[in-house]
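Quick heads-up: structures coming right below.
In what comes next, subunit A is part of two complexes: it sits with subunit B in the first one and with subunit C in the second one.
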Partner chain A sequence: MKKLDNIILSVEDLHVIFKTYLGTVHALNGVYLEVGKGESVGLVGETGCGKSTLGLSIVRLLDESAKIVRGKIVFNGESILEKSSEEMREIRRKYISLIFQDPTAALNPVHKIGDQIVEALQMSKGLKRAEALEEGAKILSMLGIPDSRKVMEQYPHELSGGMRQRIMIAIALSKNPLLLIADEPTSNLDVTIQAQILELISDLRKNTQMSLLLITHDMGIVAQVCEKVAVMYAGQVIEFGKVRDVFKNPLHPYTQGLLKVANLVGEKTRLESIPGTIPDLRNLPPGCLFASRCPYSFDKCLRIRPSNIMLDGKRSVACWLVEDKVNKFGPG
Partner chain B sequence: MYFPIKRGFRKPPALLHAVDDVSFEINAGETLGLVGESGSGKTTCGKCVLRILEPTGGEVLFEDKNILALDDRAFKKIRPMMQMVFQDPFLSLNPRKTLRNIIGDPFKLHTNLSDGEIEKEVKRLLVQVGLNEAFIDRYPHELSGGQKQRVAIARAVALNPKFIFLDEPTSSLDVSVQAQILNLLNDIQRQYNIAYLFVTHNIHLIKFMADKLAIMYLGKILEYGLKSEIFSNPLHPYTKALFSAAPIPDPDLKMERIILRGEIPTPIDPPPGCRFFKRCWLGETGLCDKVEPELVEFSSGHFVACHKVKK
Partner chain C sequence: MKFDKESPRVRELLLTLKVFGKSKMAMISLGILLLFFAIAILAPWISPYDPTETHTSDLFMPPCPKYPLGTDHLGRDNLSRILYGARYSMFASLLVVAVTVIIGMPIGAVSGYFGGKLDEILMRITDVILSFPGITLALLLAYIMGRGIYSAALALSLVGWPSMARIVRGVVLSEKGKDYVIAARIIGKSDFQILFGEIMPNCMYPVIIQAVMMMGTVIISLAGLSFIGVGVQPPEPDWGVIIAEGRQYLLEYPWLSILPGILMITVVLAYNLVGDRLRDALDPRLRGELAAK
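Up next, the complex of A and B:
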């Protein structure tokens, strides 16, 4: 076991299902994840791989149709899954912030920006209204919003998408959270605005001791912003490690495929693609969930599902190919 | 293309300058990539070319004929030659029709084929776009996003068009599926020598797809030319910023990132001068905010609209 006091968030063997009228959807199938204090971790994967479900599980904001079957989530030394909903509210109020993809949906359209920031500050820090207004204006100007007093008097619809996302970030950061979960914070925005927002998040992280879990489908964003990366596929983290290690030497065939596909850079006549599609999450095969699309799969892959194998304590991969290598040559 | 915006009773409507004085040409078998951010007028531009929108002024020449001047009957003959693939295959396929009808309808409208012949054609198209004949009686909801986009492509190529307007055809798809669709589009282009107008905001993608590029900003083309030329030597400050803003999946590559200040201004009654002036770091007060730069030829086939770019 590693020293736990450096870890702000750990997820162990988390299973989540959704009950739908079409059957039970196995959204998360044994997720392992660790976020260190002050660390930024990118969570990447394609649509439906469970990235957002994982993010919502951590703050216990899952839909009623979802059920956490088993697993452990430990945040700041405390087990999240044993908390009462009142205690959870306290945690969300003070320690964990969330930013969602669509700031338009996340901001209340009938309240002024200022009121929404003030409310967040009053809830988390117990400030008086006047103090909260002062503090809110300070945060907004820190985020590069010109004329922050005026913006606080405006309603969300009067602002552009990039501006609204900045307001969301302001609200999320107003309480100096220990952990920020950002779920696709820039995928609604244009690239030049995206560059601004990512720069902003990176800068803020350097100046505070905040940890970041950045959920995205864009490998480029992870390479730019994060220190570690967790690659998800069909409800499992199939590869986890330092960004540089994973990007330069991906071990899981899915990560290899994903990186090849993401590398559109350069003159090529034909693009690499990963054949096939993700398995039906209602009827999971017994073996590796990637086996049907994997160019290297062998009979063991179809029978037994690989779990995460730790390599030299820093990196983990869920793949039999890697395990066989480790057995032969030892870890690392 | 200007859109009137009602401002209330008795006030004259404001004009939204969606696309302003834009010119380009595409040869057979060639792809022009139209790149720009949301609201820059890329889609409007394509819709004008197809005459889905009637432009306020200008000409669209298709095989030397100005299609904007044709009456409805004459234009109907041209329509099968010019097709479109939309961004969202979930919305562009009729959920109540089977693929037999979705792909077969163009034949019913524009040819005299019998039902049996149409079925043969539909099956041929399904196979060509990488599906199989068994899909013919399925409904769109039974397909994945990538499969739906394949159907949309099959419908677009059904009548052997010479031009297809591709409006962000892969931006609603996952990267691994995106690559499959792009490969398919390239195969089809090579086989039939179709001209593509490819609209996207994804720089990496356009690098792979396009032969020529047009960079749009607020309804104007700021830079235009051969892709290889623009990528190796981007001239306009906006083009440079756009290229540097796109994240590259390589942790070792630390690019000199140009972070633009501010956001795209509103295209309603735009101010005089360069449209990029407010965000430009080279802008010269008195020149750039007063005089609109013309699109001039910088080197052979490479056009740029900027006062600050000198030979």
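Up next, the complex of A and C:
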């Protein structure tokens, strides 16, 4: 275990279910995750693997059909799941920010940009309106928005997608959060704007020392922005470690497949894919959730689900192949 | 609040008005409504006689220069009674709908937003009230409070708010799942601030449409209550009362009942036509199409 005071967020054995009329969906099945102070962690995985659910669990904003069955979330030394809703509001007000995939939906269409930023500043810092206006304009120009005063007089629909996302980032940053959770912040933007926004987030993080949890399905983005990466599959973090280590030497067969698909290095030959689909989250198999798609699966994989094994204190993998290797040859 | 041409609300309003104005029928209806409101306000000045003043020597006069619309069985001037009668129809219905909005909107909003047990309780209450016939409730209230326009208006308000509450609840339910609500939570806003500051401003159009559509039915119900004797009390001149009184002489002097009846139909029809067009004009998909026509 690392020293606790270096850790801003840790998630342990988190299980979340959704009660739907089609049955109980097991969205998160024992998630382990750690984000250090000032660190940037990328959370990758395909659609429906529980990335966003994890993000919303951390701020306790899952919708009513969701239920946290068990697990532990510790933020800044405090156990999130034991907080009252009033205490939780306080934490959200001051310490954690969230950026969404679709900035159009995340801005209230009937309020001016300026009012929305001012409100955020008033909520988190208790500024007077005039001070908040001043501060808001400053933040906007810091984010490279020209003519910030004019923008503040505009309404969300008058701005471009990239501009709206900048506004969302401005609102998120206005409280100087300890942790920024960015849920696919660039998926709805075109590639050039995407690069700008990512650079912006990267720079801001370095300058402000906030921690970043970047949720994405794009390995390229992770490589560009993050120091560590957590790979999710069917509601589990199946591999976690430094970006360099994981990308260079992926241990879990799913990560290997994902990297091959992303085809970050080498020549493109033909588009690869991982055969099979994710298991039905309403009816989970007893063994490893990836076993049915795994080229290396063996008897044990189908019977017992592997949990995260720490290797040399830096990486963790949930795979029996790795565990057997560890047992035979020792860690590392 | 200052008028801001760039505000989406103002821009939508302008577009809506443009679409609304393209329908001749709706504009004529709107004109009719404004005319009747003017009549209701100006009744004391434009009526030739006091509506309750009887002229015992001039019973059942047909229309003539002295009495432009004739007189009734007590020799009262029909024109004056009809002009004064507009006051009840136009303003009492407005009051009923206002009360309906004031009660129904917050209840629907809270019900939709908080959900759970509270929603269950509030919605079962609305179910009970919706299954309760308005006329029966009005009779009961007339018995308790005494007959009159107030007990009739109260009865209609009490049976009217649940439908408003249901509509608001539905809109809030669909709005509250949107990202801007989560975004408001993440900056630490309270439920109260989110519901009334963020969600409700996005729910106003359905409320406006429902309120306008309600006006017509409320006018008919009020007149109906007056007609059966638990609304406006004679000798006060309400259209429902005038129709009820003229009913006994329908064969000999049909104009006594028919004219206020026609006026009432006109107003109700005007409200419905305005409401219909307003709904089309406020519908974001239909609006574009209609504006292009």
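Throughout what follows, the second predicted complex is superposed on the first by the 325 of 332 C-alpha atoms of A that agree within 3 Å, B and C clash if a C-alpha of one lies under 4 Å from a C-alpha of the other, contacts with A are read in each partner's own complex, and residues count from 1 in each chain.
Everything below uses one rule, namely that a residue touches a chain if its C-beta (ideal position, glycine included) is under 8 Å from a C-beta of that chain, and two chains touch if they have at least 3 such contacts.
This one's a predicted model, so the numbers in the text were calculated from it and none came from an experiment.
Clash-free side-by-side placement of subunit B and subunit C is the outcome of superposition onto subunit A. In the superposed model, A:Leu258 makes contact with subunit B only, not with subunit C.
In the superposition on chain A, contact of A:Glu119 is made with subunit C only, not with subunit B.
Note on the composite model: angle subunit B-subunit A-subunit C, taken at the C-alpha centres, equals 80°, rounded to the nearest 10.
When both complexes are overlaid on chain A, the residue A:Ile96 reaches subunit C alone and has no touch with subunit B. Within the superposed three-chain model, A:Ala106 lies in touch with subunit C and out of touch with subunit B [touch as defined at top].
In the overlay built on the shared chain, the residue A:Asp299 is in contact with neither subunit B nor subunit C. Of the two partner chains placed around the shared chain by superposition, subunit C is the only one that A:Lys175 touches, whereas subunit B remains out of contact.
In the superposed pair of complexes, A:Glu82 makes contact with neither subunit B nor subunit C.
By the touch criterion defined above, A:Glu158 reaches subunit C but does not reach subunit B. Across the superposed structures, the minimum distance from subunit B to subunit C, using CA atoms, reads 7 Å. On subunit A, the surface touched by subunit B in one complex and the surface touched by subunit C in the other have no residue in common. Listing the residues of subunit C that touch subunit A in their complex gives 6-9, 115-116, 177-180, 182-190, 198, 201-202. Residues 46-47, 160, 162-163, 190-196, 198-199, 217-224, 243-244, 247-248, 257-259, 261-266, 268, 270-274, 277 of subunit A touch subunit B in their complex. Residues of subunit B that touch subunit A in their complex: 37-38, 144-146, 174-180, 182-183, 186, 201, 203-205, 207-208, 241-242, 244-253, 257, 259-260, 263-264. Those residues of subunit A that touch subunit C in the shared complex are 56, 59, 61, 63-64, 89-90, 92-94, 96-98, 100, 102, 105-112, 119-120, 123-124, 153-155, 157-158, 168, 171-172, 175.
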